[in-house]
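Have a look at these structures, which come just after this line.
Paired with chain B in one complex and with chain C in the other, chain A is shared by the two complexes that follow.
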Partner chain A sequence: MTSSKSHVPQDAEDQSLFTAFTTYMGFIVLFFFGHLRDTFGKLTGRSRFRDELLVKHVDEAPLLDPQGGAFYVRRLKHRMQDCFFRPISSRPGAWIDVMEQRVDDNGVRMETTGETKRCLNLGSYNYLGFADDWDSTCGEQVHAALKIYGPASCSAQGDAGAMSVHRELEEVVANFVGKPAAVVFNMGYNTNQLTLPAIAQAGSLLISDKLNHTSIVNGCRASGAKVMAFKHNMADDLERVVRKAIIEGRGKPGEVYRPWTKIIVVVEGIYSMEGEVCDLRAIVDVAKKYKCYTYVDEAHSIGALGKTGRGICEHAGVHPDEIDILMGTFTKSFGGMGGYIAGSQELIDYLRGASAGLLYSASLSPVVAEQVLRAFQIIQGEDGTTVGRDRLRAIKDNANYFRTKLKQMGCSVLGDDDSPIVPMMLFHSTKIAAFSREALDRDLAVVVVGAPAVPIYGGRVRFCISAAHTKEDLRMALKKISEITKVLNLRYTRSIFG
Partner chain B sequence: MSAASAAEPGAEDLTLSIHVPHFVTSMLAQIPGANEYLKWWINLWRENPVHLLVETTLILLILYILLQRPSKKRSKMETLPAAVAQELLNEYEPEPLCPPLTEGARMVLEDSVLLETKPSKYTKVSGVDKEVLNLTTMDFLGFGQRKEIHKAAEDALNKYGCGSCGPRGFYGSIDVHVFLEKDLANFFGTDDCIVYSDADSTATSAIPAFSNRSDLLVVDEAVNDAIITGVNLSRSRVLFFKHNDMEDLARVLQKVEEEDRRLKRKPQRRFIVVEGLYRNYGDVCPLDEVVGLKNKYRWRLFLDESHSIGVFGASGKGVAEHFGIEMSEIDLFVSSLSTTFASVGGFCVGSREVVEHQRLSGAGYCFSASSPPFVSTVASQAIKLLTSEARSKLAPAVKKNAQTFHAAVRKLADGDLVTVSNPSSALAHVRLAPKYQLAEDPADYDEATRCAEEKTLRAITKKMREEGVLATVANYIILPDTVKQVVGSNKRPPLPPPSIRFAITALHDEDELTRAVQTLVKCTREALKDHPSEAPVTVSTPSITLRKRH
Partner chain C sequence: MFKNMAWSQPPNEDDHYINKNVNWVGKRFYVFYVFVIFVGAYLANVVLGTTVLNSFQVWTLVHVIHGIINFTVMHYVTGVPADLDNDEFHELSWWEQLDDGVAWTPMKRNLMIIPVVLFLVVAYFTEYDPMYLALNLCVLALVLLPKMPQFYRVRLNSSASFDEDDPTHPHSS
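For the complex of A and B:
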């Protein structure tokens, strides 16, 4: 079992002042020319966004505020619209066929040309590579499930959407993560968004990591509970927040002291934009010390971290009993869809009558449930092969190899060892687009992330490493990335000019 | 700055009646250019002392405010003696993570049905020996069992595997997702379409994408939970109107207009939020009147057609088509893929502007993995079936079946049961007749009366299952009293009244439906023997089965 290592914050704030200055300058230039072009367009009517700019509303507000988000889309996103939402026409395996796009409709919209390009996939969450050899690993069982259950349940779990395959999956999940019971949802996002409101209400306090995923943020907001944040992955700061919360209670200053009905600490196993592994041991110790409940979102860590793939608990040496609620998704390592909540029997029984995801939303497709079930069997070696074990080792080796090489190259790399997510800082918004295009030219499909998903100076490329990548694939990718970093001046740890 | 102002009167060659300590002047003498700087300052003083004083004060004030902020608010934590703080920490004892099961939740749990095979017309339920007639699956046209659909799923699985392994933005956009969006846009005759991977997250994401704090939503009381969650997440101001009561809607709109005039409000985005066919009632929204009011008062319209799609309208586009309303009249049109389309997910069709905006702002789209490719091919295939066959065969069949069912309940139930749903609706809600109802209005149901009435309904469905007919009681989240007490200002509308929900499909025939109703009536008569004659007395404080408005 790997012990949790000391957490080295390696945030985007480490960048030099020079980079920060040029990044902000870049944005200022974009904004300036954006507004200039908007003004010109409004005055002369000569703009590809004519309809948007000249729209007349007499009594009502426009559907989209032309100065707010719409400006961002018009003048910033459109300049790099070819870098996001690239459709593919193959399995999301190690190699994918990216559909080529061209700007159509006077530059407002992208259209596919019908051509495809074979690229190395460094973007999908295909951690254990089930997308690659699906036919030999899962195909047979999944096809059988389609015959038995049909493609979808068309009914909520609470009505008649629960099928025997769902119950079977719930048992397997519970066993795998080491909890007495579990329940499965149709969508990972909804698992967070609809479970948090069921367990926290007005009077409860949710203490959330600053960088938690939107599904958690929205779940917290929808709950009506008070939400506080602590500094990303800092157990010390969590302790400060918790102490303050308990001492001050939930009354306003000067009112009678009323304690919080319950305090729930919400963290993620691996942070998807940072690739950082949660410092769970320290966080759980704080939570236990102050009698807080813990909610761990294992979306990216289940089936990827830990020797046997059991996620952050195994990785950080925390016993599952120490965590109150374990949440995870099936999209990533398991090649399916949906999510689960695992916890005590009382909790799961309670959720079955209190979570909108179980009472109102249509249940997980039985075909997907079977896929996930099969993936669990393989990971646990119950299929009689060592495929699962080999892949768990491969993803770790691949990720660590890739991360080390990028660091050696002099790139500013975020995240911790063993994490299959390897983000690399680009900082400038222009470099975000340029990196994505340069990579695509070299047959690499990469995910680039810019504001507003990350801070304005936090532009980055996020590599997702898969067990299906061969060493040869990775070597080739690193060679090409090395070329790009030279062209774009991205070796930030070598020089402040990159 | 403060050094300069302290040194300001200190120049020796200028006469000023302020004594300056010697060390200041000697220190200044060492700095090159300091003398010129001082002269400049003193000149300023001579020219306009008031000006200089005011400006210096302002600068000092700004500095004061800037420096003051962090230390100003002394929290209770710092003011409390350490021992008291420690005691509070030691004494803190949280409530259990989840409250004990309420009666309502226990009933949901105990009444859960487990299918052992596909949800076709006859299916196998665990705990019942023989096959049961399925009246729960909302696959209204029976597409889920068609071989074309299965073929589409199989082909997609062979080509793409199972999962999509990523959100739409990050290589999770498989070509079949794009094709499905085109198919849906073509089917509805709109510019564009966006597909979500869960039906309920469609409304939950679409509403907050277009409506925020400064906006206003007028919502039918009976809309489903997904819409309520979306409305609450948007943080907009919310006004509810009585279910399907157009006079009440007009009253609310009129009131807002008067407020506008009085308060001279600046324009805000305003939506009327309705469902085409209400999931919780099975009745149809008088959409023609809603559109009339919308146009009269210049509002926008949000319409959820999840349960009318494929059943209503000449070509199965839903209630809007049924009333002959143009798609352009509806600003946000969302629907589900997990009803008639026998698939999983939801979608929103509309103008390019509406769709493109959601691709960046629809939380359930941006931040969630896309649906597995086979789900999309199934839905695309379902649209093909719908366009080729529904108009001629399936839609009339399901309509006829629905009418048969509703007529049979009216005829056979003999005053024990009533239907609240539209006679043509494939989603039928059956309630106990008013003489057995324990409360008059949905808002009058408290936890105890709701549970008592639901108990009878659940006894009916249980007996029906044993007799070979599968129907379920409509489940709602009934929160425990302990939670309700801490719920403050609540803007969740009351839960719909307890009912049994039937999903009638095109596959059923008249005999089956008549038999189902006969079973229903028989089981009802048996269950009514144990039905309380009057509402149970609520012991605790009046409990309203509502959830916190966020």
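For the complex of A and C:
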């Protein structure tokens, strides 16, 4: 419990006792009233969740898992349903049209009214601003590609869907990240989900950061390999886990010692819920010391970190040769869709025949591939303009400016400098809903995050800064956020009461 | 009898999939727990102690209410409130979900100590009057026995569950 200016509450371990107490009280009240209403509903049958609460005798097993029947969804999530799933009706540029919704029946039903609201977009991953002026930067090439290739590839890469534009894109990606070869997938999530099972099997060990993305977690699970986690971003804990794994081997204590067939360490470049940059140098040193392979997911860092946008390797000063598998997505900085894996030529050749994403899933749409290609050209300055360089500088400046000003306000801001993701801690689950609604009232479109994506005491709002935001936009946003923090008591570094 | 005992190797901290229903308990929670008990006792004393009940009864009332809430929240209700990873916790009470069912972990020991200390405090303030002592001892037994590892997965006739009316889940018998 502290009120000194230098101490920034980062997560549950750092929040003041007052905040912890009020968070627990908030949950107790919510749970108590939720149970009260459930019990009332069960006893009297008068509840809008009548179908889920009353016991039914059914003749056949139900098809759908009752997601909506979970207590959490019924009594907690529905209360703030209007803060999620907000439809938009424009490009996700620096400004965005949010469709207004009317909430019926206390959150159970939501209907769009048909009106839209022009808001400042602080939620989209539009890091380099390609969504805003797409027509002038990429439009021409993409329209030309649409005429040549059509909108779809109609086949998997392994069958008849490997197009010349894919090959071009793969070469460009490989050159950009500094690896001999690369391969392109049609969906960023699937890149992780379908590559990890190809490179790790039963008998291997995958050591992934505790806060890795769901796609990595699911890919690890699907692979059949043993999965262990190390404390977020701590190279010492990684060393402890690696040593323990190598010493104990695959079997249980008492059995014959069986070594792991391989050990792969999986980390991310920027962690999207914390805005933190990976401690890549230390982690790679540990991995090399024990001869483990490294897999870095650069979904948020490629195109956003580093002087020329080459991602975490450039930012951390690690040579790409030291990392075995580099993965990234085109969704964030390149204004497209899809993902890539970059590595040695033999790895890529192997993946082409082993990864389900390349054999059974349709390949990336050629139109999107052309868009990404064009984005790479702009970033590298090959289109003859300085647009790429300006944007790379703008995103860093904007992110640092925004972050510094928020910290000066006294808010509890996570993440490292230069990272375009700026999460601000709210802690209470009730403040999550309040912040989202207050922001929308003031024409700010923000993304708030609550359990289960983050711990239950770690509610936060996650700002995504873009190169397309002007200083004026950010200044205006900061003024409005300042008002909101006064209303909601969010200045945790200034006072223990927020 | 030994089949149900859950003292196997310590919970694997490296395991990636942690039950979010229970992994938030920490030092702050214990402080909060004790704080709430104190506040409750003070309020009960102010509101009821000076008007309706005498001092012994107020303390016993606090102890009994604490016991009821403790038992209901930690041992009666089963399952997890949200549709998390899988259904493996559907039949387990909150206490049984702690630390993957391993007994005598620090967290569990702390949560056992608090009711015992509360009992001792209440016994002291009721001046060991036999009637109140007997009642409080029963409540202590109600709170402490389900926390013993021998009572892992032992059930009364019925138990509530967060998702008990879900037709896909068989009711526990």
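Everything below uses one rule, namely that the second predicted complex is superposed on the first by the 468 of 498 C-alpha atoms of A that agree within 3 Å, B and C clash if a C-alpha of one lies under 4 Å from a C-alpha of the other, contacts with A are read in each partner's own complex, and residues count from 1 in each chain.
The rule is short, and it goes like this: a contact is a pair of C-beta atoms (placed from the backbone, for glycine too) under 8 Å apart; a residue touches a chain by one contact, two chains touch by 3 or more.
None of the values given here were measured: they were computed from a predicted structure.
A.B. asks: Counting only touches as set out at the top, which of chain B and chain C does A:Ala61 meet: first, second, both, neither?
C.D. replies: both
A.B. asks: Of chain B and chain C, which one contacts the greater number of residues in chain A?
C.D. replies: For chain A, the partner with the higher number of touched residues is B.
A.B. asks: After superposition on the shared chain, which partner residues are touched by A:Pro455: those of chain B (first), chain C (second), both, or neither?
C.D. replies: A:Pro455 sits against chain C, while chain B stays out of touch.
A.B. asks: Counting only touches as set out at the top, which of chain B and chain C does A:Tyr350 meet: first, second, both, neither?
C.D. replies: After superposition on chain A, A:Tyr350 lies in contact with chain B alone.
A.B. asks: Which partner chains sit in contact with A:Val73 here, chain B, chain C, both or neither? Use first/second/both/neither.
C.D. replies: Both partners, chain B and chain C.
A.B. asks: Go through the superposed model and pick first if A:Val227 touches only chain B, second if only chain C, both, or neither.
C.D. replies: The answer is second: A:Val227 touches chain C but not chain B.
A.B. asks: Should A:Val103 be classified as contacting the first partner (chain B), the second (chain C), both, or neither?
C.D. replies: neither
A.B. asks: Taking the superposition on A as described, I'd like to know which of chain B and chain C A:Asn186 touches: first, second, both or neither.
C.D. replies: first
A.B. asks: Contacts for A:Leu488 in the overlay, against chain B (first) and chain C (second): which applies, first, second, both or neither?
C.D. replies: A:Leu488 sits against neither chain B nor chain C.
A.B. asks: Which residues of chain A are in contact with chain B in one complex and with chain C in the other?
C.D. replies: 52, 58, 61, 69-70, 73, 244
A.B. asks: So in the complex, the part of chain C that touches chain A is made up of which residues?
C.D. replies: My answer: residues 14-16, 20, 23-24, 26, 28-29, 31-32, 35, 81-84, 162-163, 165-168.
A.B. asks: What residues on chain A touch chain C, complex-wise?
C.D. replies: 12-13, 17, 20-21, 24, 31, 42, 52-56, 58, 61-62, 65-67, 69-73, 76, 208, 210, 217, 220, 227-230, 241, 244, 451-452, 455-457
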